[in-house]
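What follows is a pair of complexes built around chain A, which joins chain B in one and chain C in the other.
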Partner chain A sequence: MQLLWQILVNGILLGGFYALMSLGLVLVWGVLKIVNLSHGSLIMLGAYISYYLFSYFNVDPFAGLPISMLTLFCLGFLIQRYLINFVINAPMFNTLLITFGLDVTITYLAQLLFGADYRTINPDYTGANFILFGATVPLVRLYAFGVSISLTVILWLFLSFTKIGRAIRATSQNLVAARLYGVDPRLIYALTFAIGAAMAGAAGSLNGVISQINPYIGILFTAKSFVIAIIGGLENTLFVIAGGLILGVVEVLTALYIGPTYTNLISFGILVLVLIIRPTGLLGRTA
Partner chain B sequence: MKFHNIVLALTSLLMATPACLADIQLGASVQMTGSLANTGRYYADAYQFAVDKINAAGGVKVGDTREKLVLKLLDNQSDVNLSVRQYVQLITEDKANFLLGPFASDYALADSAIAEKYKVPMIQGGGASDQIFSRGYQYIFGTLARATDYYQSTIDALLKLTPTPKTVALLYADDSFDVSVADGTRKILAKTPLKLVVDQKFSSNSSDFSSLLSLIKSQNIDVILVAGHETEVINLIRQAKSLNVDPKLYSFTVGVPSADFRKALGNDADYACGMTAWLPSKDLKDEYFVNAQQFADEYKKRFGYDPDYHAASGVADVEAFVKAIQAANSLDPQKVRNAIAKLDFNSLYGRIRFNASGQIELPQTMIQVQKGKLVPIYGPKGFIEKPVYPMPAWSKR
Partner chain C sequence: MKRKVLSIIVISAVIITIALSTIPLWGSPEFIQFSINALILATLAQSWNIIGGYTGYPSFGNSLFYGLGGYGVAIGMLQFNFPFALGLIFGVALAVLVAFLLGLPVLRLRGQYFAIATLALAQVMSAFVSNLDIAGGNIGLVLPLSLSDTLFFELSLGLLALTTLTVAWIANSRFGFGLIAIRENEQAAMVLGVNTTLYKVLAFALCGIFTAIAGGIHAYYITYLDPSSAFDSTLNIKMIIMTVFGGSGSILGPILGAFVLSGVAEILAIEITSLASLFFGLVIVLAIIFMPRGIVDFIRRFPELGWRYFQENIRIYRL
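On to the complex of A and B.
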């Protein structure tokens, strides 16, 4: 019982990070109707930014979060405005190809620039933890969880209650009507992609603190984000939290009770099942 | 990546042009980019270093002439299918005389089939899985110690430690090399009083070990033995720290001997154990590099990072070809193959002598990171230095 409680705590903390990890992908997918396969490599870039800030300028990774988010925001804006925007109305296959190409380019540029060495962001407090009803709660994971949930909620508030946020949602729901109301889709698309990239940057920074960094970590993030997007659906960013938590908890339970080799099988099995049973997402509205 | 390839192609072109046609072409496809580039670079650099050194010493004596070695190096981008295609290309289009291996057992397993099919000898220093050598192939030779023996020295040492450890957890990745390690370790453990309590396979590239670590913690297991990849080991150690998992000792098949692994973890790398079949030493004499220590120094100077056993093994592969070609006095693949099978010489890597299945027999030395430095703990002759055992709890570091 004690073990199960500990495992659930692990899973929930992992799930919080998963939510932030997939947030950018879900947002861009929902609004631009593009599955951004370079999402994971943006996370990787965020991780490197925090790593260099921490290693060379002694900036705490949590304090450095806004810098990595802002950098990725700008990069995301440029990528959308001057690259993806050219194929925005092209068939899905083209956008998949272009974002895949972008992923490969960013990954290999990262190897040229940063090398293939493994890196970690290792501030003094990485080992700190406390006991909650008998379960060990690692502090950094809890911080990462807190930041993830906060950013997701902030994004939800932004999309729900600000003018730009409403314009973003309007563009997503009905492009023609949004245009008639004076929304400039080019700007909205670029902004959305930029916000998605900023979220990816934040996820990357947190990943550097809890895991490790190398130029090739991106692909797994993209794959897992995809699963979460399918579970949570694309309509509501708050559902992404649920999607992340479900995946996190399922993964740790699988590792304990079925075996750690089966975690990917189960997570991607869920993806297939959801696609068959509820193609609009487990939590999304049915079509 | 493209740029990388072009530069590489140009350099190899420049290096190849002045040489005459009779040169000895050594072909290799190595992970220079992609997820395994971190370890793949040891082979790319070691092969080049050895070839340059041997050429500078006059090349290879065949008959009355001395031939230069030419290294034809391709980047397999950490893609095993591409690697197989590149070895076919090396043989059929580039007319490589002989083949040097890629890194990692999965690759060596697939690529050696090409060597066998075209009957071109391959000496590889990157794959240790017993599977590579259990298929009765004639043209594949390996200079890494057998995967199944990796934990032998560690377990020998465990039995002599006080307080004697009682329980063991074995965690391993699901690739060819790590499965071989686990199979061997299980057999070794069965002959000891040590009890294997947790025996779990995880998927390669796993990043979350919290369930396994919580399980190990809840059962208060004394020793964790891990067979996995560096990324997984780094994650596992960091998560052990954050969850206060404090075994008396833990050991890993990879990472510990590599400088960048210790750098990535900083102080957290301390007390991690591992094994290596090679440590730079003046006692390991070599025809071209004088001795292993001098090799390590020159390597660091040239490439900017410390070599580990992967690099030494790579150099041994090139030297083995040179010795075999000279012994065969021919470039005929069949004759050279037979000469390789009969080789017996000392190198900076150790004694090179292949058994009937083509694999080398090399004892592993158990090592431990102590205050950021690698310390040899237990070798074939018993304890070398004292291990820090039981390792201090995370909360007391």
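On to the complex of A and C.
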């Protein structure tokens, strides 16, 4: 029982991070109707930005978060405005491929620039933890959880209550009608992608603290973000929290009861099963 | 007229194949090894062409079949003492079985959902195999020392020829027209009496057969197999990029793309290995923007349109 409680706590802390991890992918998929396969490599870039800020300028990874988000925001804006906007009306396969190509490009560029070694960000409070009803809660994981959930909620508020947010949602519902009301889709698409990239950057910075970084971690993030997108659907960005928590808890339970080598088997197995049984997503509707 | 053109193409294809088959006689060992890899990649691209190019179902998980073919040979030869040929048949049987079992549910999905599901399936299979004792788990299997490189070269060349013949048959047969109809409009194809489920699964299985044979040959060639190399996900990238770069849905496009890109990647890899992968990424980004229908279409229309060819391509799809 004690063990189960500890495992649940671990799963929930992991799940919060998973929510932020998948947020950018879900937003871009929902609004632009493209699956951004380079999502994971943007997360990887965010992690490296935090890593270099921390190791060379001694910037705390949580304080470095806005810098990494801003950098990724600009990069995302440029990618969408000057690359993906050129193929956005092509068949789905072309957009899938171009983001795939971007993923490969970013990954191997990172390998050239940063090297292939594993790196970690270890601020002096890394090992700190406290006990919650008998379960150990590592402080960095709790911070990461808090930041993740806050950013997810902030994005939801932004989309719901600001003018740009409404324009983004309008574009996702009906491009033609939004255009008639004076929304410039090129700008909105670029902004949406940029916001998605900024969220990926934030997720990357957090990942640097709670786990390890190397240039190839991206593809697994992309794959897991899919799983969450499929569980939570694309309609409401708050559903990614539920999707993230489900995946996080399932993963730690699998690692405990079946074996750590089975976590990917189970989570991708769930993905395929959900796709086959309910292709519209478990909780909400997908595209 | 058409028959005449066709016979010229067939005759020149036979001549080229025979000319290529002499490479082991005069090529250096390095060149032969490069050629074997290029031929296997061309076979993968050509098989992908069946399901992705002709049927319009872009699989991102064909390494699934490649790995099954490799493990079929490895398990057959090591655990059951099969000869190589029987091991290949075992691998192909596995691939066909999986193509039918997984194809039936997965081929009901369309577009990005199909792509994601296949991507995930390849990962699932890799994780599954790495937990199997008979397949050597995470450590993998070491195969008995292999035949000469010459033999592997001729095997790969023969396989590529066979795959290309099959694709040529598909392009000109009732079955192939059914697949193309599914690609263009699945609902309409169904209304016109195409048994879409059967056609799709058959196309998936065909692509699985050739991919599995390629995997089996490659496994015996390098005499070593572990889950991450057998289900190597970069292979999916390569086969798709090569097909699209050459021209998907055409008979010679995938081969052209595979040879050109393998050649350039090999030259780049002499400098730095990761440079070759970086190059693949850049090629795909640029190709999708400037020539989304591949070299074959480029050769056909560039002389007439000139630089306007690129502008046209961008104009159609831009926002």
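The working rule: the second predicted complex is superposed on the first by the 284 of 287 C-alpha atoms of A that agree within 3 Å, B and C clash if a C-alpha of one lies under 4 Å from a C-alpha of the other, contacts with A are read in each partner's own complex, and residues count from 1 in each chain.
Heads up, the rule we're going with is that contacts are C-beta pairs under 8 Å (C-beta built on N, C-alpha and C of every residue); 3 or more make two chains touch, one makes a residue touch a chain.
Quick caveat: nothing in here was measured; it's all calculated off a predicted structure.
**Student:** Answer with clash or fit: chain B and chain C placed together on chain A by superposition.
**Tutor:** After superposition on chain A, chain B vs chain C: clash.
**Student:** Between chain B (first) and chain C (second), which, if any, makes contact with A:L256: first, second, both or neither?
**Tutor:** first
**Student:** Which of the two partners, first being chain B and second being chain C, lies in contact with A:Q111: first, second, both, or neither?
**Tutor:** both
**Student:** Once the structures are superposed on A, label A:A203 by its partner contacts, choosing first (chain B), second (chain C), both or neither.
**Tutor:** Touch status of A:A203: no partner.
**Student:** For A:N264 in the superposed arrangement: first (chain B), second (chain C), both or neither?
**Tutor:** Both chain B and chain C are touched by A:N264.
**Student:** Just checking: does A:F86 make contact with chain B only, chain C only, both, or neither of them? Give me first, second, both or neither.
**Tutor:** second
**Student:** Touching A:R141 in the superposition: chain B (first), chain C (second), both, neither?
**Tutor:** Only chain B; A:R141 stays clear of chain C.
**Student:** Does the superposition put A:L97 against chain B (first), chain C (second), both, or neither?
**Tutor:** Touch partner of A:L97: chain C, not chain B.
**Student:** Just name the clashing stretch of chain C against chain B, choosing from 7-15, 169-177 or 223-231.
**Tutor:** The stretch that clashes with chain B is 223-231.
**Student:** Both chain B and chain C touch chain A; at which residues?
**Tutor:** Residues common to the chain A contacts of chain C and of chain B are 104, 108, 111-112, 259, 261, 264, listed in rising order.
**Student:** Name, in rising order, each residue of chain A that touches chain C in their complex.
**Tutor:** Going by the criterion above, the answer is residues 35, 83, 85-90, 92-94, 96-98, 100-109, 111-112, 185-186, 189, 219, 223, 226-227, 230, 259, 261-262, 264-265, 268-269, 271-272, 275-276, 279, 287.
**Student:** Quick one: in the complex, what on chain A touches chain B?
**Tutor:** 2-3, 6-7, 10-11, 14, 104, 108, 111-112, 116-120, 122, 126-127, 129, 136, 138-141, 210-212, 214, 216-217, 220, 251-253, 255-256, 259-261, 263-264
**Student:** Which residues of chain B touch chain A in the complex?
**Tutor:** 1, 3-4, 33-35, 37-38, 41, 78, 174, 200-203, 205-212, 214-215, 217-218, 230-231, 234-235, 238-239, 241-244, 260-261, 263-266, 268, 394-395, 397
**Student:** Using the touch rule from the top, collect the residues of chain C that touch chain A in their complex.
**Tutor:** Residues in contact with chain A: 52, 58, 105-106, 108-109, 111-113, 115-117, 119-121, 123-124, 127-128, 130-131, 138, 233, 237, 240-241, 244, 272, 274-275, 277-278, 280-285, 288-289, 292, 314, 316-319.
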